[in-house]
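Next up, some structures in structure tokens.
Shared between the two complexes below is chain A, which pairs with chain B and chain C, respectively.
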Partner chain A sequence: MPLKIVVGIKWVPNTTSVSIDEKTGTLIREGVPSVVNPHDLIAVEAALKLKDRYGGHVTAISMAPPQAILGLEHVIGMGVDEGILISDRAFAGADTLATSYTLAKAIEKIGDYDLVIMGHETIDSSTAHIGAQVASWLDIPYIYYAVNLEYIEDKHLLRVRRILEDSIEIYNLRLPGLVSIAMHSDVPRRVSLTNKLRARIEKPIRVWSNKELDLDPNCIGLRGSPTVVAKVEFMPKVPRKQEVYKDGDPKEAAKWLVERLVKEGLLKIPGGE
Partner chain B sequence: MGTVPTKFDIIVVGAGPAGSSAAYTLAKKGFDVLLVERGRVVGSKNMFGGRVYLKPLKDIYPDFEKSAPIHRWVTKERISLIHNNDITSIEFEGKEATSFITYLSQLANWMAIKAEEEGAILLTEVTVDRFEVEDGRFTGIRVGDETLKSEVIIDAEGANRLLLERSGIVAPLKPKHVALGVKEVIKLAKDEVEKHFGLDENEGLAWILMGDITGGTPGGAFIYTNKDSVSVGLVVILDEAIENIDKHIYNYVEDLRLHPLLKRYFGGGRIMEYSAHLIPEDVWGMMPPQYYYDGLLITGDAAGFLLNLGYTYRGVDFAAYSGYLAAEAVEQAYSSGGPSKENLAVYKKLIEDSFIYRQLRKFRGVHSLMKNKRLFTLYPLIMNLTARNLFLPEDESLKVLEAFKKARKGRVSWFTLLKDLFMVVRQV
Partner chain C sequence: MRRAICRDWDEINPEDYKGIWVYMQVDEDAINEASLQLLGVAREIADKLNSHVSGVLIGSDVRALANEPIYYGADKVYLVENKAYSTYYPRLYGSVIVELARKYKPLSILVGGTMKGRELAPYIANTLRTGITADCTSFDADPETRDIVLIRPPFGAWMLAHIKNRDRRPIMGSVRPNVFPMPPRDTSRKGEIIIEDILVDIDPGVELVEKIPIEKKEELPIEKAEIIVSGGKGLGTREGFRSLEELADLIGGVVAGSRKAVDAGWIPHEKQVGQTGKSVKPELYIAVAISGAAQHVFGIREAKRVVAINIDPEAPIFDNADYGVVGDYKEIIPAIIEEIKRIRKRV
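Showing the complex of A and B:
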């Protein structure tokens, strides 16, 4: 049975070029080009690998302003079948609760799905809330930080591998279910000429506003967001000691370095003093 | 909704000024056009100094002034010779303008949107790896392991012509053929730009500086006023730079920005971006043997269609106009029976009959001036010493000629000086 997969992608400011306004504590987003959250491209890659192997249909969804069409075109260029942009002023100002609620309702509207795949976390907010919250709204099981997915067709289960510090865990996930993919666990494929052409010519992207989703205004956007940002504080600058070892001998240098680190209490040598 | 085609009439490679104007003009004429750009968004890979001449763009886009992203009209031109902490300038100012200042990224974007509006299909983040060739005819593009066919390819890939190299049409660029440009954009409030540079609303300054600011390397610096920012940068001849320059080229831009007489212009501004790009310099040395091949037309920087006037470049308008002529050539070829090699040859004629070719010929010698290092270090020094002798007298004032003679003495012979002067007057 081919898999029907939904992937969540977030349209984020390219934080490698974002700075923070020290006075207001807000991101200076002006003129900063946005991109698809890089960890989400790995989620897309995981979905496409499943599709390559077992067949199926991949839908990307993104709750974002209209420019995020470019992001959906990008993942369609990679091989995603269709995109849904959830975009409405009514959704603006959402915290993770309101965001996950809206995404979950959109996934419900898509209706027929076996698997939802999310990224590890985003580069602009990095809460890693969305996966678990969406799964909770949908009342489906979820597993975070997967590195490898395999579909066991006859049982309609997903075999999920994840790597912890001292062990490898393997789960059988009942479907429909949700997984988030560990960051850096794979490399997203390039867009292909034909798929990108398809994105431009067939335009397989739908835009859903709250007219289509018809959600209670008290559950979405700013009104549906109970979180309050009380204050943003800057980390105080920690004065750093700088010492340079000038002599060329690497053995002596290593000894010198270890002695310093022990003296500063940063390194303990078992048995030694 | 439509189905994905496997062939286009025309595939244009590169959505810079050359490619987008070709795609726009062809789509408007009813051709099926695909415009392919490797950048994630159009304009992300394009960089230039700041000034564009209007007329050629207006010929292509009748509504240009109304809807194009024009920051300021150049009403003030300043050319400065700089040595140490002295600057001697000549300035022209008026109320009319035939050129404007803009961000190339915005202009390129606008041009690509115009092409899309006429029905061209734009593909970003797709890098063409090479051209498909069958029996000597260029028949399409290859991206990874996919191909797409076309009747005609328009190459608008810019100065770094990897596709032409891979097709065996040109040899790899040599450092002596190109210059390196680096630039910073510094954010200022709109009224600060106007206050700092003495401009009214919509008025702009194009400022060229020559002298020790490039560390003795032939080249020059530029400053352009955008709407609410200033572009500052410099251009150095690459082979000379490789030999002479001992610090990162970025430091020269920084020196410029922090120069005691210049830094006040940028005071309080935040650096928004830093970029670097190659510019064709010895355009006659790097031109491909022909501009047209069987199924292929070459436009813009890739063809070497860039004019160096010594005090300014004309690259954007030349590129755009060559793209326009390529589109005209394709249409004419079709109406003479089809885009065969013979019929596409009309492109050569269109180029050679145009201002592009006339201008390139007329200013052909400017490049040779770039070899003359005296122009970039010694004469700026002498001019500034002359100004010092003239304007900073102790008690007795000097006559102009006296001031000059005193500055020249022991630095350059009259013979060399007159020879150089003659060269400059003849070429520029």
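Showing the complex of A and C:
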């Protein structure tokens, strides 16, 4: 039985090009390009590996503004079969409860699925909430931090291997179910030109607004979000001495530094204090 | 006027919700430190609200641990013991806590942000149709409104976001290990143990087939180290860490790294310092080829002295360091090692 897989991908600002306005302490977002959340590319890779081995169909979904279509094109370029962009002003301002609700309702609309795969977490919010929340809405079993997936076809189970702080664990997950993939557990494949062309020509990307999903406005976006940011304050900076040794040769610099550390008793040097 | 709520949420009355709960994660036969640490901060919140703290303990053979939360500051322990709970499964344990919360209506549930805690907490929050804030770093409580504010650094920036849970309860949050200190263990403290026979009618849907303990090298975890030599992306290669290890060995320290060093695969995630890694509190923190992004510096707030070595005199790390040296680490680190050896020979 070929596997029908849904992968969640988020469109996030590329943190490597985000900088901070030192005066206001806020993020400079203007002109910052967005990318598919890097951990989600590993989730896509996990889905494609299953498809390569057992056959199947992979659908990527993303709740994001219209530009995120580029992200869906990217993963279709990797080999994903189709993309669904969930995009509507009405979804804006959602916290993780409302986001997961919207994603879960979209997955229900897709209907026929065996497995939902999520990334470890997103680099912009880093909550790792969405996987468990989507599983809660869909009422399906789930497990986080998978590093390896195998499909046991005759029992319709997924064998999941994961690594926790102090143990390696192997689980059988009943399908339909949800897994999140551990960061760094694999390397995402490259975009192939043929696949990318297919994305451009066949346009296997659908856009669903709330017209298609027909969700109660009280359950989505800002209104469906119990959590609100009540206030934002500056993080108090820890006062530091800020003594800097600039232009000297390394030997002199080392002397300058070690002398200070020894004086403060910070280096364990016998008799040095 | 109450705002209309989502039809998939049940109606609740926020006034009915009282007390601060902390989930007690059990590993093998002990309570995880992250859970115990949370009892300290839960105690502070509860005292502000003139409320109480409870530990929630689930398992098949955990009665022997039931007094521990009380020793660390709890007033009550909800003990759910049954053979059915011999193995942790997120949906199973999550459903038990959901049932308990429906019955006793806590104002807040806090969960230690271990890997299992981060897997479990959002399931509980979602099933109760309430909000949750990940990786809180502090809390505020208002006795007038009986509201708890969860504080966390948001994406980027030197900012702290104060997050509130509008008209939904319980207020849920997770907290990474070692963000709060361990409260003292006081075996003379007394409390109430409430035995609950909750049997949830849910198939966990997962089955643990095998569990292999990881042989941990007897290494000092970075959050307990007194001296840390930390490397960043500017090291250029994994080999760059060699000279940091040499320096660390020489001065009795351990190595750690920035997120970019972790992302590059040069050092494991458990040695990442910062907002999404660990908060450390050494006597001496030496940041080598680390730019000093807000999320990184966040993890070294409690370091007594910070040294920065960076080739770029404009790097923000210098504003966050006590002693800085501008230069190429490939030259500076060996020079420091030489200098220390030289002094040691002299004495």
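Keep this in mind: the second predicted complex is superposed on the first by the 222 of 273 C-alpha atoms of A that agree within 3 Å, B and C clash if a C-alpha of one lies under 4 Å from a C-alpha of the other, contacts with A are read in each partner's own complex, and residues count from 1 in each chain.
We take it that contacts are C-beta pairs under 8 Å (C-beta built on N, C-alpha and C of every residue); 3 or more make two chains touch, one makes a residue touch a chain.
Since the structure is predicted, the reported quantities are computational estimates derived from the model, not experimental observations.
> For A:Y245, using the defined touch cut-off, is the partner it touches chain B, chain C, both, or neither? Pick first, second, both or neither.
It touches chain C, and chain B stays clear.
> Touching A:V187, do we find chain B (first), chain C (second), both, or neither?
Neither partner.
> Please indicate which partner A:L70 is in contact with in the superposed arrangement: first for chain B, second for chain C, both, or neither.
Touch status of A:L70: first partner only.
> Contact-wise, after the overlay, does A:G177 reach chain B, chain C, both or neither (first, second, both, neither)?
second
> May I ask you to decide whether A:M235 touches chain B, chain C, both, or neither, giving the answer as first, second, both or neither?
So A:M235 only meets chain C here.
> Residues of chain A touched: more by chain B or chain C?
With both complexes superposed on chain A, more residues of chain A are touched by C.
> Identify the partner contact of A:V262: answer first if only chain B is touched, second if only chain C is, both if each is, neither if none is.
second
> Touching chain B and also chain C: which chain A residues?
none
> Would you mind writing out the residues of chain C in touch with chain A in their complex?
3-9, 27, 89-91, 94, 114-116, 118-123, 125-127, 129-135, 149, 153-168, 203-214, 216, 227, 251-252, 263, 265, 269-270, 275-276, 283-284, 293-294, 298, 301, 304-307, 313, 316, 318-328, 331-332, 334-336, 338-340, 343-344, 347
> If you look only at chain A, which of its residues touch chain C in the complex?
15, 18, 20, 22, 25-27, 95-97, 100-101, 124-133, 135-137, 140-145, 159-160, 163-174, 177, 183-184, 216, 218-219, 223-235, 237-238, 240-247, 250-251, 253-258, 260-262, 264, 266-272
> Where on chain A is chain B touching in the complex?
The touching residues are 31, 33, 35, 70, 74, 77, 190-194, 196-198, 200-203.
> In the complex, go through chain B and note every residue touching chain A.
1-5, 34, 40-41, 44, 121-123, 125-126, 143-144, 146, 148, 272
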